[in-house]
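In the two complexes that follow, subunit A is the common piece, with subunit B as its partner first and subunit C second.
Moving on to the complex of A and B:
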């Protein structure tokens, strides 16, 4: 009897592990171990150089202006993309949540996320054609007399940002829309009853309460944009390098995986800092 | 050192290449050939005659850059791959890793190959042939002859001329373009050392200041074809020939300073389980029909290595086949730096890309 009870207690104690075990194993196998392997490889050097563990790859990043410039470029582009996407996505989400009749909202949402359905690469090349000197944008600007001659829009940082914003506005719209829909209408009525103007209600009630949705979307935008290779490669015209391009450059011909691993870990560190900042902010908000 | 590289390879592409290799080996039998190739070999028109004649299926996996290709091999099981297309200058890298099988010279039509592109210094090690040239061409100046003065394109100096500002694209591969910059700086590509890099860097920065974009194959081709730019630094027949039908104004020149000779080779894996079939494939690619089809592949055109390629008169004209003797005489070899110089060249290239 006692033995059976002890077995039962053991089963109870281990039960959480039964459920958490598969997920933990999955995470260890496909995230922790590969990450550890990458950290080890980042301390190696490509053949022909030292065989010992060293910080040479990390030193190279901080010593070579072309390398750390890539990080600065990435941060600048990502910050602009995140801010612009939030500024465009919020009104769009608002219109979807408040301006579109309930029965049309599902269709409107589908239309809003339609760009997600096309290939990322095809979409980027499409933007390249639209923004080219003989593309739609330049043709319209020249035909309307706003420009005397076409300007360079494609193969610029502007094009990279535009390509990113086009994609991430959709993502942010979804997260902000979800926040807006969770907001009880009674809050706005209560604010109006207490004499608050529309602007005051938005500023003191709606915006703070939808901020978690904005932050989550902004963080996702930041993470996905800073690690993206395709958009800057196709639309930026290699007129400047962002971190993912710098990483790929190490692999293409020379196969310098150690340096690529070091650069990837530095990029991951920046993303981690962004995550911690966002998590801390959200925690403070909840408190 | 070898352990380092192979371990790095295993750690890093295991998932992707391992899955590809597992997929291929799962269905592999004596009637399948697994080939690591560049995109010109993926054209069904290139593979079909070989598959039909031998009743086999050729499974291809494309890669770009020798480093990426060798990483795929390192992440695969021995025997997963039978043949590989590789930059001729990099055949030795594969031999040093023990990947390639010596090829039986007496069973290959080597006498048909243009002597200038045999590349024995790269394809042969210790007297044994490991790689055989299958296609070649030039990294030089590609241009639209209706938009620029063809006479200007006879000198690399035109690439820094302000009158062509923002009308230039640069092909995004550092070795051939650095080779061209070396020619512009009056240096020989076969004798490049670290001391030459400052002069090369200055030329590259001038070209970058004059350019609109630095693009990989598709982007640079598109830019030239759509009129976004009128000149492609590093371009050549591989860009203009394939587009000649739609846009006959596209042309290339070998300027007075010379052009850079590129060439790609075929090699057989030592661990191949289908060596007989692999050799047949190499023989087919080097045959007159295989050469013609490879030269005019839908991915990109290039000069066939064989002088007996069964090209039509129009195809020969487009590829400027009859001018090859003169072109080859003026071309300089692809830069073939050692690992240390290669790294330094790439850093110069990175600096150029970041320059505003």
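Moving on to the complex of A and C:
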């Protein structure tokens, strides 16, 4: 638009594409095309290396209990993780925003999310240290006489949930803190002047106004948790599989890319549906 | 009641900080373990496991790979993201909403699926697994992030300065390098360092797309097969330390300045 008139018409029409073109091409070539390739391959079958199109892999997902069970496990774990993380993070964000003196808030917040920056692999391994049979938790419980013998904490669903909650409490503290800080302090004073108790102010003013922030954080939690392979593989082990583990198992053990592709697309579909639901809900909230 | 609430709040905060830091403390503390197992009792401090790590050429070359990959892919992601943000903020393009959606779409898809898609496509094209393949994946995940950060900082106030430069005879690339980029450098820097930390920590894409020459998280993954070891603690502590340095640089250089 701007300054394009001086040069030729074709040149000026093309000019924006010099800038937006490379990123667009990159995304098409290495994001859209791979997904398309995945969709095509998901219609193949591994048995006999057939490249005839069929819905066999998708049918298998719904017919085989051990496959759809993984999806149910994933949804259960992710739901528990999301709810527990929000419930734990909200009070912490509140204390940071309200109880900590202004000049220390930034430092307190950086500290609260410092371990957020560890790699998934290292973070999960660290929890393995804590939860192992000879780890610090069992050590303390046995030494204090609360337990006679160490209990198995690692390789359980509990361990997976704990590892996830640890990560997402940090993420949610950050998003909820941000939405709490955006609330004008005058709202609370106005509510108090009108005779609302602290609890009433929270229920009717603060909670509804921070809801969009909570929802964004909860949605991020859902997307990141349901797609993560590392945490359940290291902490949960192979006793019960979540979707990402089931997908990786198809490649690792059997080289069954068609089935892995179909399972990946089913997982993606679930996340997309959740996204549409969340987007719709958020819009309704704001209206 | 009035005195109880603050102390309850402090107790709660203390417990949560304890929960957040417990695994990190165990990781770092037992990286200095003097004996074979990274569990209590603590016998140390000893640097023997750090020496073991530094003597392990697989780990040190993976560390170098990870650093090179993080720097290279982040530079490229910032470059592509900056150009796209400039094009979409300064020109009216047909379907620019769609383009913005397309460029940020990878944020919505899990790394596992992005890695799997690239793996299947490269397989079909006969492209062998390599660090470069993983690098392509890292640019895919970081480009939307860089684009979103830089695009959000492109304001109307910069337009007049850019126009002035153009009226004085500056070419497009001169405006970009001499005017726009310097005005946006906090956003460029933030995009770069965030991408660095994400690439540095990324596991599953590298796992799917590399074979022999690989990144540090993938090497650590294969160490895990032999169970708990202070050696894993030591290399894990190094990984964590590097991430923290990146985040602190970001905080000190970019975010602090913006506040003033």
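One rule holds for everything that comes next: the second predicted complex is superposed on the first by the 252 of 287 C-alpha atoms of A that agree within 3 Å, B and C clash if a C-alpha of one lies under 4 Å from a C-alpha of the other, contacts with A are read in each partner's own complex, and residues count from 1 in each chain.
Note that a contact is a pair of C-beta atoms (placed from the backbone, for glycine too) under 8 Å apart; a residue touches a chain by one contact, two chains touch by 3 or more.
Note that this is a predicted model, so its numbers are computed, not measured.
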> Where does A:237 make contact in the superposed view: on subunit B (first), on subunit C (second), on both, or on neither?
Replying inline: first
> If you stack the two complexes on chain A, which partner ends up touching A:132: first (subunit B), second (subunit C), both, or neither?
Replying inline: both
> Is A:46 in contact with subunit B, with subunit C, with both, or with neither (first, second, both, neither)?
Replying inline: first
>> Touch test for A:254: subunit B only (first), subunit C only (second), both, or neither?
In response: first
> Which of the two partners, first being subunit B and second being subunit C, lies in contact with A:10: first, second, both, or neither?
Replying inline: neither
> Which partner does A:192 contact after superposing on A: first (subunit B), second (subunit C), both, neither?
Replying inline: neither
> Should A:70 be classified as contacting the first partner (subunit B), the second (subunit C), both, or neither?
Replying inline: first
>> According to the stated criteria, A:37 is in contact with first (subunit B), second (subunit C), both, or neither; which is it?
In response: both
> First (subunit B), second (subunit C), both or neither: which does A:169 touch?
Replying inline: second
> More residues of subunit A in touch with subunit C or with subunit B?
Replying inline: C
>> So subunit A touches subunit B in one structure and subunit C in the other; where do those two contact lists coincide?
In response: 34, 37-38, 41, 125, 128-129, 132, 134, 234, 251, 257, 261
> In their shared complex, at which residues does subunit B touch subunit A?
Replying inline: 1-2, 4-5, 7-9, 11-12, 64-68, 70-71, 166, 172-175, 212-216, 219, 222-223, 226-228, 338-340, 342-343, 346-347, 349-351, 353-354, 356
> Any idea which subunit A residues touch subunit B in the complex?
Replying inline: 34, 37-38, 40-41, 44, 46-49, 51, 64-67, 69-70, 125, 128-129, 132-134, 152, 154-155, 233-234, 237-241, 246, 249, 251-258, 261
> Which of the residues in subunit A end up touching subunit C in this complex?
Replying inline: 1-3, 15-24, 26-28, 30-35, 37-38, 41, 88, 91-92, 95-96, 99, 110-112, 114-115, 117-123, 125-130, 132, 134-136, 139, 166, 169-170, 223-224, 226-230, 234, 244, 247-248, 251, 257, 260-261, 264, 267-268, 271-272, 275
>> Applying the document's contact rule, which stretches of subunit C touch subunit A when the two form their complex?
In response: 6, 9-10, 12-13, 16-17, 19-24, 26-27, 30, 37-40, 80-81, 83-84, 86-88, 90-93, 96, 99, 102-103, 105-106, 108-114, 116-121, 123-124, 136-137, 139-140, 143, 147, 159, 163, 166, 172, 197, 200-204, 208, 217, 220-221, 224, 228, 232-233, 236, 239-240, 243-244, 246-247, 251
